[in-house]
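What follows is a set of structures to go through.
Next come two complexes, and both contain chain A; in the first it sits with chain B, in the second with chain C.
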Partner chain A sequence: MSINRRQFLRRAGVVTALGLGGSFVINGISGKKDVVAASEYAPSTQGLKANHWAMVVDMSKFKTEDDFKRVIESCVSIHNIPDFGNPKDEIKWIWEDDYEHTFSGGDNEYLTEDFKKLPFMIMCNHCENPPCVKACPTGATFKRPDGIVDMDFHRCIGCRFCMGACPFGARSFNYRDPRPFIKKIDTDYPTRTPGVVEKCIFCVERLADGLMPACVEASKGGLIFGDLDDPNSEVRKIISTQYTVRRKTELGTQPSVYYLVGGGDHA
Partner chain B sequence: MLEKALTGGKKYWAWIIFLLVVIAVGFMAYLRQYNYGLGLTGMSRDVSWGLYIAQFTFLVGVAASAVMLVTPYYLHDFKKFGKMVILGEFLAIAAVIMCILFIFVDVGQPMRILNVLLYPQLHSVMFYDMCVLCGYLVINLVVGWTTLAAERKGTPPPKWVKPIIYLSIPWAFSIHTVTAFLYSGLPGRHFWLAAIMAARFLASAFAAGPSLLIILCLIVRKVSKFDPDPPGVGAIQSLVKIIRYAMIANVFFYVCEVFTAFYSNIPDEMAAFKYVFVGLDGHTSLVPFMWTSAILAFVGIFLLVFPTRKNKVLLPIALLAIFFANWIDKGVVLIIAGFVPNSFDRVTEYFPTSNEISIVLGVYAIGFLIVTILYKVAISVREEKAQ
Partner chain C sequence: MYKGGRIIASLIIFVAFLTLPFFFNLGKANAGPDLPTYASSSDSQCVEPAAYMKANHMQLLLKWRDSDVRDGNSVYINSQGKSFDISLETCVQCHTTQATKNTVGVNNPALNTSDQFCVSCHNYASVKPTCWNCHSGPEGATK
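== the complex of A and B ==
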């Protein structure tokens, strides 16, 4: 039996329509299954939640070089941060710098050298109005509803507009392949490709598992992390009753990292 | 019409081959950068944009400057520019393509560049910059090509192209304004954070772009039988007036910035100016560049203000002085000094690497190749008509 072109097309159309209908039917039956599959990606119930995560750095708790090293190392080891051994390619999420440069602009020439050289702990400020998020042309850097400025390393095109936009020097760029320069790769966290930007993300992956950020855990009380919108949280109590400072508040970015200076027990 | 670029004398082919060699060297350098990462450039954590973005910024201005011919010719019926306007449009095409290439070689993940379209961010100035640049490229391709094709047939250009020509006028202003907004809206970079930035960008563009165009016209006059400014027309001298006033405005805007920084005595405002004119904390790598730029700017203005502008030898010197004054200011100093001092009041200097410079030269060679081909087509059409 032979069919002409017109017949062939008609029959093909019928078969196609049946096929589509069939797939609807199958989807309808297995609809429940899809919902189950989707729920596997829902946020875990044990995750820590907040309206506005914020950090207080209690400088009185950072006395020795080891206090800084321990905290920095806790971050470096779990986030696969490479060490290139040169400042040009350097990648930093949390690091140490002195008072004079951290709070640049407000310097007082009569301060003693000791005071100027006082070390401070520095990380991304997770600004309420983050200029880096505004600058990013792809949404690779974005602000989460809980106030954390997070990054999608797989969407970043490496234009470095965010590095120009950040007034705090919090961002690093992978100028070369970081993998050979990672001391010990932690398989729980992705390594990065060359050509993307990265920075501190307040350990969003740990918060999702119900854990505090690594640096907070390692700081022995030097870093206090909590919900700024909760009037009973420790961070809120410190910030509302004690003298804290933030970096470059005149720029209006509203950093979420507060420095408790002048010491004393906060609790 | 493109086939006209395939016939030419020995000198024409020697020039094309020279450009192809430079492009090949640049391409090899780009492959190295592609494999290794942007660490092959002089850029660093502190100075995260370098020569690539600086060239992009400068060339957006060159592209926008075509409007200095289009507006008088089409809007004010200023006939003198009749033979030059197509050369301005073709220069704009080459400049925009170079801009896009400079962005492309600057990104760390070029294969992801379409993410800008897949996830458009309406709050990012870069999204708008991409839109206006691509739009400007299309406009100039359409306008340039159709008007030249019409001229070849001896007919007036089709009616539908008129509105596109008028659209190109505000569009040219928009490309350089949006490019200035990339920088002038960033809170922590005091050297860029100036309301006058967009205005200064336009003024310097309308000086540098037409300067380059006149130099190209003088070359065209030498190497072909087509004269873009035949005796008695005075197109070049009219354009020189535009260049002169644009450059004076540019210098005036710069002086305004220096006054605001130093009279207010705000340290953050002064720091980058100190860095480029006298050096900061012992770092002086940009000082010779900035003074060269300043001297060239004044020499250029001086030569164009006085009747020396009509001198056949002094005119090209004046135009080159203005072109390079602006190139140093925008294509070298402005972007690098924006990162000095860094967010911690420290100075990190930037020195481009040879690989990086090879890529820059390669992109410029592509631009020159496009200009050469497009100009060859335009010249051939004109020579044909003249016969």
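== the complex of A and C ==
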């Protein structure tokens, strides 16, 4: 009972038509009605807005160990950052480091030895050309229109390409379940799961509520946060009138965190 | 057929075993999910009508997530023009039984044997949402 080519094509055509027609009929009977047409999404009205969020770290305001501790603690407590107690697993959003690790490669000859011994406040630089965003295969790290390099923890698959791409070491990976290592869980912010990368997000959740980032509030003027594109903002005034440096500018990532070294009694 | 009798007899036994659960439960009514009674004012409506929420809450939650995290739009205006803050806390403000006090990180309201809102249906349907692996449970919303 062999069939010839003509018969085969005819039968295949009939089966295809049946299949397509059947799916139309089933869709018609089940009647899709899952769209609530009138609903929409809007930004919160009290949220702070900017074209390019930027931060200035006033080195003169970070003198004692307590100045650093207070700022770091303000971030740790509201973002549920775990403390694993060992540097290999450490999760860092904002931290303190020495001159060599902060400004390696870009030695400015006019900086005094004094300056090179200072500790620095470090966080994600929210670069204008963020290499982590380019490296991320899932779009979990993305750049918002207001300049903030944000993390979508839902999408992170833990490949850690971003950690390799970031020249500032601003990203940390959850090798272990962080929940048992969080001192006190703040229920206003989610925790993370093992296999997710995290970093400073300039407190986007607080900006949406009309609040300044937690570290800025805790710094007593040591951290200044504002819109770099606004000529009247405090950050812009400082950057355009005083001497500031940025980390590893030779890499061309254009950090949005500026270090004010001219203020106070340093430099 | 070679050894036909044995083959057919074996097949009958096999089919009998296969359909045993079906005949065992024949005539018994399916109790359905153990729906919770939760602490909410009875006159209030969810962010959308209940029928819509029952069928589409998962799609709505995904849209909420993308809208809030990726687009920065943290307010949802529903089909009646009412505004809601996009957050799981908005959900659990009403959808909580408060019968079991959940300790965040220890007791998972969506997965463990609590009588919280999500778990009652989701256990029945054998669907395990991962929301509460990171987000805080009803305790946080009612504080």
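The criterion applied here is as follows: the second predicted complex is superposed on the first by the 212 of 267 C-alpha atoms of A that agree within 3 Å, B and C clash if a C-alpha of one lies under 4 Å from a C-alpha of the other, contacts with A are read in each partner's own complex, and residues count from 1 in each chain.
Assume a contact is a pair of C-beta atoms (placed from the backbone, for glycine too) under 8 Å apart; a residue touches a chain by one contact, two chains touch by 3 or more.
These numbers come from a predicted model, not from an experiment.
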- Check whether A:Ser60 is in contact with chain B, with chain C, with both or with neither, and answer first, second, both or neither. neither
Between chain B and chain C, more residues of chain A are touched by B
Note to self: After the superposition on A, what does A:Gln242 contact: first (chain B), second (chain C), both or neither?
What the structure shows: neither
*May I ask you to decide whether A:His101 touches chain B, chain C, both, or neither, giving the answer as first, second, both or neither?*
first
- Message: Which partner chains sit in contact with A:Thr193 here, chain B, chain C, both or neither? Use first/second/both/neither.
- Response: both
*asked:* If we overlay the two complexes on their shared chain A, which of chain B and chain C does A:Cys159 touch? Say first, second, both or neither.
replied: first
- [ ] For A:Gln254, select first, second, both or neither according to whether it touches chain B, chain C, the two together, or no partner.
- [x] neither
Is A:Val204 touching the first partner chain B, the second partner chain C, both, or neither of them? second
Chain A contact set shared between chain B and chain C covers 193
Seen from chain A, its contact residues with chain C in the complex are 34, 36-45, 47, 142, 144, 146, 150, 152-154, 179-180, 182, 185, 187-188, 190-193, 204, 208
Chain C contacts chain A in the complex at 48, 52, 55-56, 59, 63, 65, 67, 69-81, 83, 85-86, 89, 104-105, 133-136, 139-141, 143
As the complex stands, chain A meets chain B at residues 87-92, 97, 100-102, 104-105, 131, 133-140, 155-161, 163-169, 172-177, 193-197, 248, 251-253
In the complex, chain B touches chain A at residues 36-39, 43-46, 48-49, 103, 106-110, 112-113, 115-116, 118-119, 121, 123-127, 130, 182-183, 186-189, 267-268, 338-339, 342-346, 348
